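Next come two complexes built around chain A: one with chain B, the other with chain C.
Right after this comes the complex of A and B.
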């Protein structure tokens, strides 16, 4: 048992660190094919990261916050991914880790804001500002969705929820909320307002370079991975949880994750970027709906 | 000639306008001269400038009338005076007339009352004559520099005849050299955009004064790449050579410039162009419009992150580029138009190829339009954004799709039929909403019209010569040449000179009339929309890069400082 745990934890750590660039590469390839382009190799994001990580950055400021922000983002994103289930194993699990998950996810965004606000630059400030509005409007929806699941499953361990879910009306609706909040928080088009390249030169990233930029981008990819892994676990595990073999569960999770990534690339290709006020209005509407879902869950439906 | 063209090119219709101006101002008019088929020059005193120009431009019954171009000239070697000429075009299919309001300004008192307070469309023109000729517009609301660089010394005016084209005054670029930007309004922050920005394909500096993300006001500085083309054209090149420089004014709408210039010289020299050449010119102008509009629509998609639309638009555009290459040998900068006609004939067996390409183009582009307009997020970003009211469009004398998206019913192809347009039928799409979406729709509909125009032209193209012979152009004649470039009316003013050379050449690209109205369209929108609005104006592009010195023998690269770069560039231009 202990051997399996160690093996799966090791595999999960490898997945968390090294799978996200591949997923990004797959997304790029899918988008290229939709645009009838050849597109780069699916390994391209690894090459990009290697280049970034081998270059000495330029520091536009002496502030420590600016240097630390990428590392904080990276550590937070990895911790968020570690509380999720990989097969039957959850690398880090304790009662109440559901809050930790939400908290460390928000930390990634906060690091992005800290980086942006540590400079006297309108582009980074605007990027940080937009990220703040995004996170304030979307995190409650994610919270309500996970809260609904937790009510249903009677556990505060996020990794244990999908193993104990029973399908009710509120749970099915919560799936919708989860999918929406994962998509928005992942910053996919049309919700990539905080890193909009043409409008604000990628916001906070406009002043980052070299390995700091590499780590920051990597952190954001891991954050996307954590969000989508959450969604893919919630989708796949309820169907395969009776299978004894943990490896099979892990493979199902991976397949669903790949399908999600490909699907997202399709949605991204079909959309233009929204404006921050559009996003806030939409998120507020969804949040109000999510309260109704929570009420349903509390009533036991 | 088609019925609609005959109606507006009628002599009685044309003379009506001239007569009304002459009647209204009576003895304050010094002289009236008809210098070309559809052009009259009315000479007045400089004190009357704002009143006369304002009267014609703001005439309540002449709806789409506007200031087309304005040229200052140093006529001291001829008359001992400077001259100013305001060219006003009567638009809206109500008569094919250009009125040139001319006035002379004495050398010892180079001042004139500004027209800008009466008609803001004169804003840039009057700042420009101040920069380049030293004629002071009195009462101009914004007397800052427009064209000359910040470190150019005071009192040196490059377009005066005593300034030789190889001259380069001593310039000191110090840390204190700064442009007097406007102070931001109270409670706003400055959001700088450019000169180099991923979404600006041309160096231009915008200072958005923002509250949060909302744009309260805009200040700008342009002319980073003023090349002094007019000066070279007036001093170094012959009539025929200028044609090829004219084509290189713009990387996108070169044919429009070459055509406008050729037509101006033809009007001044009374050169008859063979009919077949007119048809070929029309086809080339429309091919250019096709690729330019597709480029702009694609870039608008790119600016809001809709890369599928961007890639598709450019893929479809490739058909047009390929067609141009087969017809002229070049994808861009066709080199087709010369004074008196065109350089190459269309070969008869190419015709099926053109028709086949157009069929493919129409089909694929229609698909593109359907797909893009059914993308909800695209519509959401474009609808109600960057609204330019009809009043503002008219006030600033805006042209092209930028103005037609705001309800200005005006197109030089229809209102001043040039080349072969008078033999063809086509619609001028106009939308009234004035937002980015309206301008995109105007462009999309124009693409369909252009395809239709080319098809008609191919059907009706007569045989015969493609080039008229001309020997000499009499000196000191004035005329304007005009085309509808993809971005709107393009006007070139020429004054012929001696020795096969121009005396004065004034280029007015369409963006010149559109840019000053940009702040009006931007106010009240958000920073996120800024680049989209700029893209929907479709400014002309030309790209400049930072220069690196690479020593080939030592294989070392060194980046130049700003000062060294300026020095080096000057040395090179002096040698040329």
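Right after this comes the complex of A and C.
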């Protein structure tokens, strides 16, 4: 059992660190194909990352907040991903709670914002500003999803919710809300307003270079991975919850993750970036509708 | 043994009042000596708190009586009182260390002795409120607290806005806080017929109607700044000197929460209706307070609005606790109530620290406008670090203390199995993001970027101010990283209320917190281990720093897309932060403004009535008023010799003496209105004691 634990923990750490660039590459390939392009190799993101990581950065300030932000973002993203279930194993369980997971993951965004606001640069400031407004507008929707799960499963433990859910209308709708929140928090098109390349020079990233930029981009990819792994666990575990074999569960999680990434690439290729006020309006609309889901859950449906 | 430490605290506070009078000619010496004594008193209070802990955790209470000859003050210190003692001791110590240097900023106003007298009377009254077990004394000390806090608030009385804010506070408090309490006092007195009958133990045996719930909710809600009775708070708290703001926002509004729990849960019984009311009021308060805070650009006003918002969290936790206890989940209800109390302690600490930080910035730059501040992290590195810790604490980021209490509030609401409470929890989660937004703004506008023309000459504040702030920053980390240091104490009020055994529901082994909720499936317990989290995060950061060392060899200018732009024109100002979001929810602001306007209207019309009542009372009590004034004048002249023996005679004489001096002080420099108010207060006190 202990050997299995260690093996699973090792595999999951490798997945957390090295799978996200591949997933990004797959996404790029799918998008290219939909747009009838050849597209880069699916390993392209690895190439980009290694290039960034081998270049000495140029510093626009000596401020610690700016210099440490990429490291904090990276560490938070990995820490958050480590508390998710991989098969039947949680690699480092400093918590089992979904709120702790979300708050630790939010530290990636905080690092992004504090880094961006610590400079006298309108582009980094704007990127940070938009990131915060994105979080503000999506938080209540995420809250309704978690609230619905909690009303149904009576637990907030990530590993226990999918095992304890009874599938009612409200729970199915809550899955939709969770997926929507994950999509928006992940900053996928059309919600990539904070790191908009063409518009605000990638926001906070415009002043980062070399391996600082590399670490930061890596951290964002790991953040997306963690969010989607959460969703994929929630989707896959109810189907395989009576299976004792951890490896089978892990493989199911992986397959669902790949399908989610492919699906996201399809949505991304069909959309153009929204303006931040449009994002806020849309999210508020979704939130108001989502209150009906909460009402259903409170009534036990 | 423990009661001696408590008595020592009281004596030290009274001593600071006496000692400062002979020193009144020397501004700095009097304030320093006064604060050395208040600092010692705070240490003594903390020692009392820690020393009483073993007994209190076993469910016992410390009881003693002060016999003053003319009257007896009974005390009953249980877990709930001790939580507030901890807050008052910690904040009192931090402000005592911080204040001597900070008050140099206000040297032009003089009156150092009056400041020390008011400060000591203010803190002492709060300590006595949370420990006395007689309702008459409770209301009496409550009134002393309101009055002294008012005089401290209008310290900068040459400013029009300060006088206005103070007046708003004073009138609102008397109409909406003191009046309901006096009415309930009168009704209870009529029921029991004796002062001893007003002991909390005795009141708890009475059968009391729902009107008391309403009176207490209004009385304590207005003091706590709960929407819609919050409109005075964002004006009043920033008007005071920052060290006093720290006590107002950190401690005084917490005393109102103490009052609410003490009266509605221990004297009356927790009911579902009360629980839902408190929780919903809390939710409305946290939403309105924080969303208003989001658009503030004045540092202290922003903090004051957040005090409203964070009070909402406390009320939500306590309300959820009351609801769950009344609904028959006593153990989980006790946990939810502990969550609210946890946030009470944490808010006192980080909000105290934030006000002291805002004060430090004001001390060095003479401004609190976030639009013109900038780049202070480089010039005031320690202040920046402490502010960052406090900002992350209030924003609820792990592993700081604010996260632990918010996390427990989420557990208490989301796992309650009650749709309405879950909705309250969702709003709390959303507002947590808004708090984060607001404090990212607060920190990055003042401390981020390059120094502006306003801040370029700023330097770090003196070390004593840093030590005061460092102590609070340390507590932010302690209560976040070692939750087991405080959670057992926080659970005692819930335990005392319900009498259930909490083992199996919540455990705080070493660093780990595990919580169980009703109807939870097997293996569904939630837990958090802050140390392991910090360990993982730390290892990852260090590993990356070793792999990719971070040493800037040369600094280049930021990229301005080639345009020659000045640095100060190339940064987002505080007022432009989150513009689209604020624009989107402007409807909400309109609604809030309308509510606030309505509140102000009600307040001012009540103030009219209050003033005419005051005038009538003043006419009746002209002679008494004159006596008070002449006593005050007499003491002014013949100060030293006669002070001591009078002081031991009775705190009432002491108070009247202080009041007399204060009235005289007021009558010299303020307008008639204020004198009238002070005299009215004196008359109210006389009526109170003439009973």
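Keep in mind that, in the parts below, the second predicted complex is superposed on the first by the 296 of 301 C-alpha atoms of A that agree within 3 Å, B and C clash if a C-alpha of one lies under 4 Å from a C-alpha of the other, contacts with A are read in each partner's own complex, and residues count from 1 in each chain.
Definition applied: a contact is a pair of C-beta atoms (placed from the backbone, for glycine too) under 8 Å apart; a residue touches a chain by one contact, two chains touch by 3 or more.
Note that the structure is a prediction, hence the values are computed from the model and not measured.
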- Item | Simultaneous placement of chain C and chain B on chain A, clash or fit | fit
- Is A:199 touching the first partner chain B, the second partner chain C, both, or neither of them? first
- Message: Just to be sure I read the superposition right, which of the two partners does A:113 touch: chain B = first, chain C = second, or both, or neither?
- Response: second
- Query: Taking the superposition as given, does A:31 touch the first partner, chain B, the second, chain C, both, or neither?
  - Reply: first
- Could you say whether A:189 touches chain B, chain C, both of them, or neither, answering first, second, both or neither? first
- Query: If you stack the two complexes on chain A, which partner ends up touching A:122: first (chain B), second (chain C), both, or neither?
  - Reply: both
- Query: So, does A:60 touch the first partner chain B, the second partner chain C, both, or neither?
  - Reply: second
- Query: If you count the residues of chain A that each partner touches, which comes out higher, chain B or chain C?
  - Reply: C
- Scan A:277 for contacts with chain B and chain C and give back first, second, both or neither. both
- Message: Just to confirm the value: shortest Cα separation between chain B and chain C in the superposed three-chain model, in whole Å.
- Response: 5
- Query: For chain A, which residues belong to both interfaces, chain B and chain C?
  - Reply: 122, 126, 129, 201, 276-277
- Interfacial residue positions of chain A with respect to chain C in the complex: 53, 58-65, 67-68, 71-72, 74-76, 78-79, 82, 92, 94-97, 99-100, 103-104, 106-107, 110, 113-114, 117-126, 128-129, 132-133, 135-137, 139-140, 142-144, 146-147, 150-151, 153-157, 159-160, 163-164, 201, 206-207, 211-212, 215, 276-277, 280-281, 284, 291, 294-295, 297-299
- Please give the residue numbers of chain B that touch chain A in the complex, ascending. 189-192, 197-199, 213, 301-309, 311-312, 315, 375, 377-378, 380-381, 526-531
- Would you mind writing out the residues of chain C in touch with chain A in their complex? 377-378, 396-398, 403, 407, 410-411, 414-415, 417-420, 422-423, 425-427, 429-430, 432-434, 436-437, 440, 443-445, 448-450, 517-521, 523-530, 532-533, 535-538, 540-541, 544-545, 548, 550, 552, 554-561, 567-568, 570-572, 577-578, 580-581, 583-584
- Message: So in the complex, the part of chain A that touches chain B is made up of which residues?
- Response: 31, 34-37, 122, 126, 129, 189-190, 192-193, 196-201, 269-278
